[in-house]
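Structures given as structure tokens follow.
Presented sequentially are two complexes of subunit A, the first with subunit B as partner and the second with subunit C.
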Partner chain A sequence: MATQTLDKLKARFGELAWTYSENAASGNRRIVVPADQLAAYLEYLKVECGFDLLVDVTCVDYLHYRGAKDRFGLVYCLANTISGERLIVRCFLNEPDLTVRSAVPLWEGANWMEREVYDMFGIMFEGHPDLRRILLPDEFAGFPLRKDYPLRGRGERHNFERITREKS
Partner chain B sequence: MDVEVPENVVVGKLDALASWCRKNSLWPMPFATACCGIELMATGASRHDVARFGAEVFRFSPRQCDLMIVAGRVVMKMLPVLQRIWLQMPEPKWCISMGACASTGGVFDTYSVVQGIDRFMPVDMYVPGCPPRPEQLIQAIIDLQDKIQREGTLNAREFLTPQRQSEKRALLQILPGETVPRPKPLEIGLAGAPSSRN
Partner chain C sequence: MASVVEPESPVEQEYRWTLNFGPQHPATHTTLRLILQIEGERVLHAAPDIGYLHSGFEKIGEHLNYNQYVTVTDRMNYISPMANNIAWHHAVETLLGIEVPKRCKYIRTILAELARISDHLLCNGAAALDTGAFTAFLYAFNQREVLYNIFETLCGARFTTSYTRVGGLMYDATPKFIEQVRAFVKNFPQVHGEVCRLLNRNRIFVERTKGIGVLSKEQAINRSATGPIARASGVTRDLRKDEPYLAYGDLDFNVVCSTEGDCFHRYLVRMDEMLESLKIVEQALENLPAGPVNVPMADRLILPDKSRVYNTIEGLITHFEVVMTNRGFQAPRDECYAAIEAPNGELGFYLVSDGSDIAYRARCRPPSFIHFALFPDLIQGHMVSDIVAVLGSLNIIAAELDR
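Here is the complex of A and B:
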């Protein structure tokens, strides 16, 4: 079943457009696809290859990472609930173009996960119905899981009214 | 001039009597956000039984409480809520900062975690530990009872209502139709940050 998916992908997108790798220890199977075609790959995987469950959407910032060529790695973890097959789809993004097509039209569950990626990394999801911050306050400026964001923040945690005994 | 005191009569100050009543009937507001909250529950449960010290009536409405127990880390999104609950509690009121996170931020020295609630609201008693044992919290309550008895109500903060109410409303910045005070817009670049502490 595993090779079947790859054969289908080869037939649809050709052999050179995407790369495949496998981690022998964990058994993770992953493909790296071009960012501008991410939505097409996801749609094909869902409709034709039976990946009906979107397990997770997350992102990695490769700034200062040894040997990394690209800045952000966007990760979609898919699963086929009929066959039990799992596949990790990744694409790489670089500033200033941090926009990909949203996966919400395919999987409703992508809604909050993509909002979290936007909240923490600033990746924009085109076609997302409600792309706003999910964890941080709306007034927050910056994207704190980027590696160039200072660990202790830029003073956000200090910027509050001080209530004393006299005031309260 | 001698005043004869009848039998079975004790003479004391009303202030001391009021303090004695208050210290033995603390109604805690459990602001439990993390694992300290579990210890707080254990403190209220039968094994440790904080009822022995008159503080067993946990209330989830700030209007009915006079002791806020902040148990756990407080993040920047939660702090306006915490402040609002504190302002909603009627006088007289006291605050226990329970555990390392509430007191100092603990191990969470990150952008989102407030580094000690005492930076933004008054605290009467700190409890060290991660999380503290229920015995430590009970000790803090006993110490707070001593403090309440010692300090009394001489300042009568709780009786100065009319003027104080308007000040409080201004502090909350309540706009029509809003239920939660709007946090001030974040000015990135340490505009409001105290310069002396990190």
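Here is the complex of A and C:
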């Protein structure tokens, strides 16, 4: 099953465009794809390879990571509900172009997960129906899960507008 | 937290009401807010507004080491903290490539299932409470009390257990714990039967939940639902069977599924899952292997016993090596995703390690967050009074929702 998916990917996208790796300890199978083609890969994996469940969307900021070449790594965890097969699709993004095509047309479940990634990292998802902040207030400036954002914040708490009973 | 979505035009808005539900409302049970567009009693549009409890758990995860962070996971899904502890250290051990001893696996399995029972008891009890059946809630909570006592015997804490450690557990299980779990296994089916008799054919409860908030199988998969919610809609995915972790491969149990996908069947799936969990607990308890509960001291992963620290030089050295900040344990420079079947659904952690004993990134895949995204669709076209039924059946825990 596992090799089948890889063979299909080779047939569709060629062998050089993407890289495959496997984590020995966890058995996680991962592919790294070019950012501009992410949506095409995801669509192919969903439609042709049976990865019908989007488990998770997340992002990693590699700013302080020793030896890292790229700033952001976007992670899509996929699973096949029939065979139980899993695959992690990653792509790398660099400033100033932090835009990828959204996966919401493929999985509606991506809606809130991508909003959270936007909220925390400032990655833009093109074609997302409702790309707003989700956990933080709209007026929040900055992206707190980036590595250049301090643990204790930048004083937002003190500058937060206070609404008194008279003003409201 | 985000602004309200404005309806299309003022003319259409004329006969509609905007109703604010929460964030402080007894029926939300937790801190979440809904902005409802209603026409008469019918909900036309629901806009969830979350983030009131956001406390940056993932950011904290980048500053605490793998053992310290377990205290934060307690506070995620606080109605089954044991399951979160196990999920966190399952992910860490997967990253480090540690195989825990068999006894540890069995104890963790028992605890994960006890946590599932306690989670489902509260979820079903609260769902019944919100739909007008108060007695069932008391029966359920009384059993949760028994489970709290079991956790207290084991680790001294009733609520914020923080029981797991990298490569083992805080303490080994004692004979008293085994005795208490045996008593629970013996008494629980009777209470379970009583709760079933109170609710399964209770006309008010059934009419308020049957056919409400129907989630189809396609929608469940497309919207990333997992756990009892997906299984009530006919998705037969259960990580305990599909990717047997801990001791689940050795034990005999069934996966409970339904095809209806409404609030009532989500309740039924949870009810039956409790009995399956009880089967797992009983088997694991009666086959509990002897032997060490932690990985060997020589692995330099876990703090040795106090008697060994005080009486042997190896124990003393190991203790210092583990607690010293510039030693600790070495993690591979890699990243991995590992998940367990938590009571609420797939609870996974995506860990990135830069080689130190502190995670570079500790992403949690929270089932509540993903399930709450389903809510606007499930409630559309239903009555205002159905909101609490649907919320109760989704088992939204705001601390896990917002982290």
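By our rule, the second predicted complex is superposed on the first by the 159 of 168 C-alpha atoms of A that agree within 3 Å, B and C clash if a C-alpha of one lies under 4 Å from a C-alpha of the other, contacts with A are read in each partner's own complex, and residues count from 1 in each chain.
Assume contacts are C-beta pairs under 8 Å (C-beta built on N, C-alpha and C of every residue); 3 or more make two chains touch, one makes a residue touch a chain.
What you are looking at is a predicted structure, and each value in this text was computed from that prediction instead of being measured.
**Q** Counting only touches as set out at the top, which of subunit B and subunit C does A:S26 meet: first, second, both, neither?
**A** In the superposition, A:S26 touches subunit C alone.
**Q** Quick one: is A:R66 in contact with subunit B, with subunit C, with both, or with neither? Answer first, second, both or neither.
**A** After superposing on A, A:R66 lies in contact with subunit C but is clear of subunit B.
**Q** Identify the partner contact of A:L151: answer first if only subunit B is touched, second if only subunit C is, both if each is, neither if none is.
**A** both
**Q** Kindly classify A:G84 by the partners it touches after superposition: subunit B alone (first), subunit C alone (second), both, or neither?
**A** Second partner only.
**Q** Report for A:R12: first if it touches subunit B alone, second if subunit C alone, otherwise both or neither.
**A** Neither subunit B nor subunit C is touched by A:R12.
**Q** Considering only the touch criterion stated at the top, classify A:G142 as touching first (subunit B), second (subunit C), both, or neither.
**A** first
**Q** Is A:T164 touching anything from subunit B or subunit C once the two structures are fitted on A? First, second, both or neither.
**A** first
**Q** So which one touches more of the residues on subunit A, subunit B or subunit C?
**A** Greater contact footprint in residues on subunit A: C.
**Q** I'd like to check the shared interface: which positions of subunit A are touched by both subunit B and subunit C across the two complexes?
**A** 135-137, 144, 151.
**Q** Would you tell me which residues of subunit A are touching subunit C in their complex?
**A** Touch residues, subunit A against subunit C: 23-26, 28, 52-56, 58, 60-61, 64-66, 75, 77, 81, 84, 86, 88, 107-113, 116, 120, 130, 132-138, 144-145, 151.
**Q** Spell out the part of subunit C that touches subunit A in their complex, as residue ranges.
**A** The touching residues are 1-3, 5, 50-51, 54, 56, 58-60, 62-63, 94-97, 219, 221-226, 235-237, 242-243, 332-339, 346, 348, 350, 352, 354-355, 360-361, 363, 365, 369-370, 372-373, 402.
**Q** Which of the residues in subunit B end up touching subunit A in this complex?
**A** Going through subunit B, the ones touching subunit A are 76-77, 79-80, 83, 86-87, 93, 109-115, 119-122, 157, 167-168, 171, 183-194, 198.
**Q** Spell out the residues on subunit A that touch subunit B in their complex, using ranges where they run on.
**A** 135-137, 139-142, 144, 149-165, 167-168
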